[in-house]
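These notes concern the structure reproduced below.
By letter and in written order, the chains are A, B, C, D and E; residue numbering begins at 1 in each of them.
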Amino acid sequence: MININIEKQIGGRYGGFRLKVDTAFRLNTITQISGPSGIGKTTLLKIIAGLTTPDNGTLSVDEEVWFDKEKQFSKRVQEREVGFVFQDYALFSNMTVEQHLKFGTNDASYMSSLLELGEMNQFRKRYPKQLSGGQQQRLAILRALSTKPRFLLLDEPFTALDSELKLRITTRLKSLFEEQKTTVILVSHLPNEFGKGDCHVFALSGS
Amino acid sequence: MEMEPIWLSIKLATITTIFLLFIGIPVAYWLSRKQNIFKLIIEAFITMPLVLPPSVLGFYLLIAFSPNNAFGIWLHQHFNLQLVFSFKGLILASIIYSLPFMVSPLKAAFSHLPKSMSEASYVMGKSKMKTFFYVLLPNIKPAVFTAAVLTFAHTLGEFGVVLMIGGNIPGETKVASIAIYDAVETLDYSAANAYALILFAITFIIVIGVFVLNRNAVKSPFE
Amino acid sequence: QKLRIAVAANAQGVIKKLQADFRKRTGIETEAITGASGKLTAQIMNGAPYEVFLSADNEFPKKLYSEGLGVAKPKIYALGSLIVCGFAGGDFKKWQTMLATEGVKTIAIANPKTAPYGKAAAEALKYYGLDNKVNKKLVFGESIAQVNNYLQTKVADIAFTTESFLYEKTGKSGFQWARVEAKSYNVIEQGVILLKSSEKSGNSHAKKFYDYLSSASARKIISNNGYHLPK
Amino acid sequence: MEMEPIWLSIKLATITTIFLLFIGIPVAYWLSRKQNIFKLIIEAFITMPLVLPPSVLGFYLLIAFSPNNAFGIWLHQHFNLQLVFSFKGLILASIIYSLPFMVSPLKAAFSHLPKSMSEASYVMGKSKMKTFFYVLLPNIKPAVFTAAVLTFAHTLGEFGVVLMIGGNIPGETKVASIAIYDAVETLDYSAANAYALILFAITFIIVIGVFVLNRNAVKSPFE
Amino acid sequence: MININIEKQIGGRYGGFRLKVDTAFRLNTITQISGPSGIGKTTLLKIIAGLTTPDNGTLSVDEEVWFDKEKQFSKRVQEREVGFVFQDYALFSNMTVEQHLKFGTNDASYMSSLLELGEMNQFRKRYPKQLSGGQQQRLAILRALSTKPRFLLLDEPFTALDSELKLRITTRLKSLFEEQKTTVILVSHLPNEFGKGDCHVFALSGS
């Protein structure tokens, strides 16, 4: 279980509020987080990844503590073994598609299976600037997978894909997740991105 | 007209630029991270040498490096290093003098990079170091080239500092800028023109070369 | 290692001839490092590897000697001669009246604070009561060399410079000049000092050159290049 | 010690920096747009003055501005402008000399801006001019500050050029850098130190002030 | 009618292809463009806005020519009176929410009605960096509306909004479009963004 019990004050002078999350996500499954715009979904993912520090509380994976305010402990981002698909992709403008994946893995056959998965084979040599919105989004997904992360955090990862492409990709992703025993946490506004009944839903709401 | 000063100048400018790349890039990066009053002061200090006339800066360096001085004696005893009237001293002085031209443009460039770019690298398990070299630095390539060209050109033309702590010794510290200065001083205008032309030609080639390298590799087909 | 001689900027012309003559006579190679006297002095005080120093005045050598950097008291190797020179039309025999005329717009002198020839020029102007009349026309060169540049490039109409300017290698056609009477300024003593570092280097070349400066042939070269000779 | 040279220096550096902002910003922007060989050459030319020792550059400017010269005569007849031995001449010379320090960092910054930012402004009906002033320029604020500080400091410390074409006239062209140089030349070290200290203090205040202004107004609450 | 008959070679060495579009969009209505990722939807919008120049063909609005290759004519972007919601928002990082709108309009009451429409009132003073993904997207929409454009080009403008928010916003937008007689061209992967039957659909496909 990923046990989350954190608090964070968000925003300063204007329209600030307090994000409070007390929940647990099952390992090796897909959990979908939903909630209105601006409620703190992205912030929650960043807290799990270690990119943002909560003001208070604890975060642990099974017995392993990742964050504990009282003990002043925070596991380093690099050691959390997470993959992250950023809402705005955050691609490396200096790297081609291929180089993005090489940055995460040395395994050439895994790399080409990823390119296959994302249907990005023909764009290997392209830089992010030279890709369409949907192509950039797929690259962001593939890059996150390249390190074979134990935990995969997806922040609205399919918004730029047409429904057929999305179906093909989510299907392939599902079998990859099973194979790699990935724990997936997905933020999305659409229900059942990976098919019905296959995922747990967590609705984030204001306090 | 002798060619030795020209070679000496190119050597000095090249070595200085290389050193300054090694020093300036990390310093600029460090300064571009979270600002605090301490960094502000460091930054102000880096800019300081600029406001002194070069020959006066040279004078202070001369005193600082002087073998009559505690620091100079220490250098001499422990490293057998003599900084006044030696090529090594010129390098050190040029580094101090040109530091702001390297650091400032790089710092501005680093501070323009979006934070999410490094975050994306950290979650991939990459250390700060690796992120720096593979993600951040390549993304400010144009600024690196700019800074290197400014530094190189500026060191080529540097003169006051060099004259003061170098002492115009042929083959050791008599660089092209001093030779051309001497030529003008002695009213030998044809030699001055010849030197100026050579310096221009060299810089012209380097500038053009760097800008060609720097030409954005990524071209949109729509432009 | 060649013998390193530090030379004041105003003597750049004559030193080349002295070097050549010295080599012919002794076979010793020398290297002249030229610069402003003050700068050279500061350098010598901070370990510059020069063995002989020919200054533009005698104050700097004296200072070096008092700091214990000289082998012996400095001696005078030349007396400077101040001239007034220019390309503007007018009668240079009556340069005192000419300076105040409309036709003369800029007068270049060396900085009286830093350059001996500048100091002499200021003294001469004062002596002839011209200082107030021409003050507005004065521009100052960092050194006598810079004054010579103003003259050579004709951005200044008139300049007070060293007589040795006339012996520099560029063309001097069109220039008119007159000597400034010696009584109008304090004598410009140019001193030479044999530096302590010449003892360290162990060979006697520096001493030889130092002595050579008083030899008849050196004196002839000096006086042929726009200087007076010390007694 | 006189204070006049200090004021003159500050005046010169301020005027030069302001002029250079007006010249450098458009030039940098223009250079950052589509590169072609013509722009490359312009860019190389802007860097040229750097490689000459300042006093030699000053010498060439002296010849160019000389009242015996076609250009000098023309200036004099049409604008009653005399550039040698005048404060105006110093300004022009400083502008030429410091141009690369203004243009290069700005150009690098402009070339980092995403194209879509200006596109978004164009579709809103905004002219290139308006887009430039309201969108592009504000987004490179750190680089503008950097360039202005470098230019200011560099002009304060400028000396060779100023000395050559200025003629060291008290109240007109005798700036602080010359005063401090004179002090060093005459071995008047206490005066030199006093000048240096004042120059340092001024720059220190300016640098700190600018960096405080430049402090990113937008702070993330997560940092 | 917006009459489009253009050709453009897309991409160079790697996986280049030719975008050909020959169609007409009705004025004062909503047209929805759909098509697989990378087919050229964004490119088409940019061509209409005048941000990208076609290799060949013509583009006209009723009798008015906007682009004609043969006559070497292209109407200036600034004069086409379009609003554009970019797929990646392209917000001005130096401006607050309020300043974005002020850049487009001087009409204070229109401005506040826009803030109302996008439910962005409380974020007036925020910079883009300080907004969540969905808030940024809403700002992009409001900015495009601020100039009261005759033509509104929307490139996947609702992907970051939860379904309830999207419904509220599209409803308000629809009445605004009717009021302002806006011609809307919308790229989206979801059908019927503005409710059933209210829009024309154009499916972009490879040639």
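Definition applied: a contact is a pair of C-beta atoms (placed from the backbone, for glycine too) under 8 Å apart; a residue touches a chain by one contact, two chains touch by 3 or more.
Just so it is clear, the structure is predicted and the values come from calculations on it, not from any experiment.
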Determine the groups of chains connected by touching when chain E is not counted. one piece
Spelling it out: a chain qualifies if it touches chain A and also touches chain D; which chains qualify? B, E
Farthest chain from chain A, going by mean C-alpha coordinates, please. C
When centres are defined as mean Cα positions, the distance from chain C to chain D in whole Å is 36
Between chain C and chain A, distance of the C-alpha-averaged centres to the nearest whole Å: 79
Centre-to-centre distance between chain B and chain A (centres being mean Cα positions), rounded to whole Å: 43
If a residue has to touch 2 or more other chains to count, which residues of chain A qualify? 11, 88, 130
Going by residue number, chain C touches two or more other chains at 39, 42, 146, 149
Please set out, as single numbers or ranges, the residues of chain D touching at least two other chains. 59, 178, 181, 184, 220-221
Interface with chain E, chain D side, in the complex: residues 114, 116-117, 119-127, 134-135, 138-139, 141, 218, 220-221
Report the residues of chain A in contact with chain E in the complex, numbered from low to high. 11, 14-15, 34-38, 42, 87-88, 122-126, 130-135, 138, 155-156, 159-166, 189-190
Would you tell me which residues of chain B are touching chain D in their complex? 34-35, 40-41, 43-44, 47-48, 50-57, 59-60, 100-101, 104-105, 107-109, 111-112, 115, 140, 142-143, 146, 149-150, 153-154, 156-160, 177-178, 180-181, 184, 192, 196, 199-200, 202-204, 207-208, 211-212, 215-216, 220, 223
In the complex, go through chain E and note every residue touching chain D. 49, 51, 77-84, 86, 88, 90-95, 103-104, 127, 129-130, 143-144, 146-147
Contact set on chain C toward chain D in their complex: 36, 38-39, 41-42, 63, 106, 108, 111, 113-114, 138-142, 146, 149-150, 153-155
